[in-house]
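Structures follow.
Look at the two complexes coming up: chain A is in both, with chain B in one and chain C in the other.
Then we have the complex of A and B:
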């Protein structure tokens, strides 16, 4: 830990070494919380002052304007309190702010600050995402506990729906960043040979949106929750209490997080590749990130737009989302799913990026059909914008378009199939090593297959009549998200722990975690297909008595799944905080550039901008060049721009 | 495509032998599985055969299954075979250096594209043939039954119950639903508050109930029996309790029931708003209402 400071090339300035100038008190998450709380109180007061006398507010006793203003000013306070706005505010005021560098400081305090180091942001995201995931996972266990009996209730129906809504919304909004946050931010600069990301302030701000969104979303529980589920269909969402405001505001905040994160990711991958990092050598994680980032940039604004309309309908009594006053409940369904369907794929693509990245390392073979893999990811991303009405086959909207949406939806199986071709081709005559990360990657293919195959049923309009809105659909998308994305993330944590923490997680514990999670996951979600086909609708707190045994089986399995994940948390934290089993450098013998920089990775990633010599997956070719020259004589070459020309 | 670095280690003959084994295992397993899916489990597949539409859906599930299951089994066979055979070890450091194979890749593209296009075409055909296949077709359906509609049932959803309105029986309303056998039925589904969904599972009918929208679905009854009606779009606190049962009965039984209900409910029926396709306060005949535009202050009322 000898490195005290490092220079930091800021846009527009040559990059002077200035870090470490300021000592003493610095803003952090706790000052952010205080400022956020004060902001909320101010906004709430203002809302009451403005709208307290409105007939609507007096009549209903519910002031959505105050709540929304509270959230807006609370978020502004949070950002001010963290110091995120210092730099842009000073710039706007005409003051040239000193360039902030970053210190390579020991200890954990740096994780509670606004920081410009992509690796610190990656770790912040990793723990943030795990925390959000486990919160939402506990809520899922709450749902399953209620469903132990068809008629005896643990929760009342209102609480039950609040839990369902919190679980769904938390998972769907947070997990969009579960790969881009911890892995994209951390790894992409290392993989493409860059000293930095393009927009470190945007990247860091993207993370600090997430705790605010988390707190606001959970705060709904103290305000009666929202009973609209994560889909928030109007006019139900207009009818709800102030908990719905927390839903729309937190979802929009996370939308901003996705946009800022994506802008940084696209700019970094396009502009900061080291010399020789051609598109044909770009690692699969980077392909996953750039396809996802484009998908987010084009779809998330539509969501924010829809949420904004919902906020207006709820607070200032416009009538855009419900019938009879010129609005239509179809409007929300369209806006929502125009984001919502690309979202499903922007959850899946990063998982495939991780899988295709890690698979060749343990197969000891090149990735089979690199171009097919890239075409598959790009194809999925593009097609994802043309399928959204398949959620609305029975809605009565545009019935004549159903064959078209059936076609586009089924077409998406072709690029998804490409990824299976790549996976199977990579296994063909491999020399597989069954370390823990590999087990998770194989499980990704196994699990997603159920999700993919059942997707064909769901997309077929006549079959959709039976399965729409049932547990069949619910099982289908849990297979694609949890079975694919979360398994990929878990595998990636085992895979990258040596790089991130210098720790090689225990193989035996890892295998116990893997097998229990794999079996319990399938045991939880496979029966749900049957439940759906037998007629069980989603989001019900009562169901037919004949379905009780299956439901009990599922609930017990879900407890085992929960225990398995708890086992992971305990062993993971234990090994990171207490035992710290030291890992050799690059324990998996990966060719990836990210593994060549050693541990700990210096804040600037590379001493010199490397020159990329060959692709990352040339396993099995003894004549293959090393992936990069880390100490090139000529630091900068023409053709491809180099990151951070220091 | 790319040649092997150690061609002696990975011979072409060995590769062909792997391929033969994989295809052989897969063919046997796939044929057995498809036989069971089509002949053994097929006739019991949801949603049954109570209506033309349900029967169509059951047929579709069978067809998709016999096509999808071999795909699933191929990937399983290939995957498990690879896991069993292509293991690494201390003396076996690296795998076969191959980055692609034009023949294999082309075959994969062609086969998957053919399967997918067939399924899309088949799905479209099946959607049109049994009149919209039971799904909600909006206010002006283009896929209408070949035999004339004999009975119109309006389904009015509200938080948290279904009411049925029968325009052919004086516009009466009932809280229960009976349907005659061998009859082409038209469901006109609407809502008077939030979005609900009319899901008559055994009938193979599912149509969202949107306020201000008349969502039409068809079904032709073929079998006697009881069917379940559930709400299938989240509609608030009692969504899980929003269901009832209906029955498909003989035509005589149905007309006896309906005319009796019509008589019994006559005093209530005349208090109801006039029969309309939707019931929102902005339109005449609705449950609610506004002051007429010529009388903004409601002084006449």
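Then we have the complex of A and C:
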């Protein structure tokens, strides 16, 4: 049923995005780049005009105001050039433009435009995130190459720290959206039985923040970098060159992306569920998304506050992070970690959502303890706000506060354990199919065991004091983030490729990718625990000679890991662009609603609003109802609200 | 809210998405309150953190504050703007659109003036940004406050423009405040969202005023 937009601002036009009817030239990423470049030049000029004569600018030759204004106007130009600001400008004249999409447009140009189709946005995010991930991965190889030898150097110490900072920031900053972007935006409307998201423009704008943030962050490399690392501790971050401005501005842009994306996601899941999609039937990915969205909404503004404070200290000479004038560097640590520690769970929860979604498909069993898993996710999200001070155990904080935060941090292992045990329960006595997605999901459990258990250790004050700032901690968080999240994402790419692209990725190549990645990952990061216990500190480019063999082992393993990921890139692109091995419909026999619509997915996701009849995980139950009725009878005047009982 | 009709469930699709859209506006406006609370929460935390540390006695060594008079004017303008919106919304619900439009314009003017005064104060400070902890917090809070006020006024302006543009379309069924047209319902949902947000922000403004100009 085609939904028409009414002549006056109905707002209820949302059955389906209306295909763009305009022909000819349309704004796109390239016009955005041009406008963004011009905007940067204008902002930089303005900054020089305003602050060129300031004493601190003349004295240091560094005009942070010009750089930051350049970034601000550059971003505004980027958005103008993409056409994102057309809508808010039209609104000022009281015009309510219909939802225009380019979903019917053939070819690839729609992926370079501001478009309102959730599936196009999901694919934009997928390739964007992979691109950012591999950039950061290459930087990681640069780090490991330097550490081949304790004394012979490839980079200078400053360059080394720049690379470490870029790697860490890009990974921790960009990867917050690695699940919500490609999977949340694409899948959630399909999974909840909706033809659209609540705020398609917000959803699309959230993506277009990310290329701007990526370019600005990367630009730090040729502006002297930022040696404060991804944590940006003051006062070092205040004393740095203009590369630090790129750090703070790009991180803030990503913050805005997370907030806009989260507003859309929460509104969509709450209001756009199809009839019968009760909360107790909500797919685990959707639970992962809504818990993460709420966590982001309540933590990211604090990060933006912190970055803003840092920016003011650097540009207009406030002294909030500088004790000499009434500030405190620990203010930054608190603001940063109030976001930074929930962020770890922003990364983990969607990974668990993917894992819980995919495990039952290959175990052919219902998800064991659905409610327990949901409780675990909500529990992790809530508790994540009460742990941030464990990053400050050695900062000189009141020692009496340390047991409290030790306890809260240890408590979070309980809901995490819920999720973990639900996964294991699902596998118990299952007749598993060991396809590539399942292998990745099993690896998530293996890897997370190391990351999770060491997490309990490092939250204990005595252990924390011993291993703080060492490679032990680095191994811990790489196991929890890369070992859990990235493995889950890789498995999800293999799993959802038939739905996204109509292509079933080659099993043999997939298994080569999986096994090399799994072995090389563990070979890279497991020895880091030992290196940490042997006393190797983070962020140093020279180390004790006795640690060379272990470091060489790790570096060679990281090269294998890099090759494995390169193998994935080549085979993935090759199969998508050249061979396109056609996938049967629903090749994994999933019950998920998203798989019931066929391929290619209709432009509005569903021809009619589906009526949900049962949960998505009732595998192996011969009496289970089909998950949904996709062709309910013709519309009547009966009103049914989102998620209403059926 | 729910409908148990067995196997033959059917859905009026247009109505369904219209209701969902209204719900989404409700959710988003409340979410926005949470985001703005957290945004100012970080600044309020910074205020108390630096004040309690009072590093080297430099929280506010000379007791110099930004102009309390202008700070009070800003707070009163925002408060008055929120009160006016509350009052004229009732007129709108009675079908008297013109009263709402005039009142909303007055509220808009007060809001824009409050934002403008906040920016103006920042150009007339009697202390340097780095002179004390208080100075830093004030310089940080001012632009955020002005930005939120002006963005809120953007929201109000779009509502006013929409009410003017839709005057003819809704005239026959009582005006945009009472019309059953989907567009009118959508407008009222957005207006409700704005009113709740702006009322909340007015209360928040009192807290900020007390911290920055009085305490």
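Note that in this section the second predicted complex is superposed on the first by the 605 of 646 C-alpha atoms of A that agree within 3 Å, B and C clash if a C-alpha of one lies under 4 Å from a C-alpha of the other, contacts with A are read in each partner's own complex, and residues count from 1 in each chain.
Just so it is clear, a residue touches a chain if its C-beta (ideal position, glycine included) is under 8 Å from a C-beta of that chain, and two chains touch if they have at least 3 such contacts.
The model shown is predicted, which means the values in this text are computed figures rather than measured ones.
When the shared chain is aligned, chain C comes close enough to touch A:263, but chain B does not. By the touch criterion stated above, A:319 is placed in contact with chain C alone, chain B being left untouched. Look at A:364: by the touch rule set out above, it reaches chain B but stays clear of chain C. When both complexes are overlaid on chain A, the residue A:112 reaches neither chain B nor chain C. Contacts of A:42 after superposition: neither chain B nor chain C is touched. Once chain A of one complex is fitted onto chain A of the other, the partner contacts of A:567 are absent, as it touches neither chain B nor chain C. When the shared chain is aligned, chain B and chain C each come close enough to touch A:328. Note: residues 322-325, 328, 330 of chain A belong to the chain B contact set and to the chain C contact set alike, using the contact criterion stated above. Those residues of chain C whose C-beta lies close enough to touch chain A in the complex are 1-5, 8-25, 27-28, 31-32, 34-36, 38-39, 41-43, 45-46, 49-50, 53-56, 58-61, 128-137, 139-140, 144, 154, 157-158, 160-166, 169-170, 181-183, 185-187, 189-190.
Remark: chain B residues 5, 10, 15, 18, 45-47, 53, 56-57, 60-61, 64, 68, 71-72, 75-76, 78-79, 82-83, 86-89, 92-101, 104-105, 108-109, 112-113, 115-117, 119-120, 123-124, 126-127, 130, 132-139, 141-142, 189, 193-195, 197, 199, 201, 204-208, 210-216, 228, 230-241, 280-283 touch chain A in the complex.
Interface residues of chain A, counted against chain B in their complex, comprise 157-158, 160-161, 227-229, 231, 233-236, 239, 322-325, 328-330, 363-372, 392-400, 402-403, 406-407, 410-411, 413-414, 417-418, 420-421, 424-425, 427-434, 442, 445-446, 449, 453, 456-457, 459-466, 468-470, 533-535, 537-544, 619-623. Per the touch definition, chain A reaches chain C in the complex via residues 1, 3, 6-15, 88, 91-96, 194-196, 198-199, 259, 262-263, 266-268, 270-272, 275-276, 297-299, 301-302, 304-306, 308-309, 312-313, 316-320, 322-328, 330-331, 334-335, 338, 608-609, 611, 629, 632-642, 644-646.
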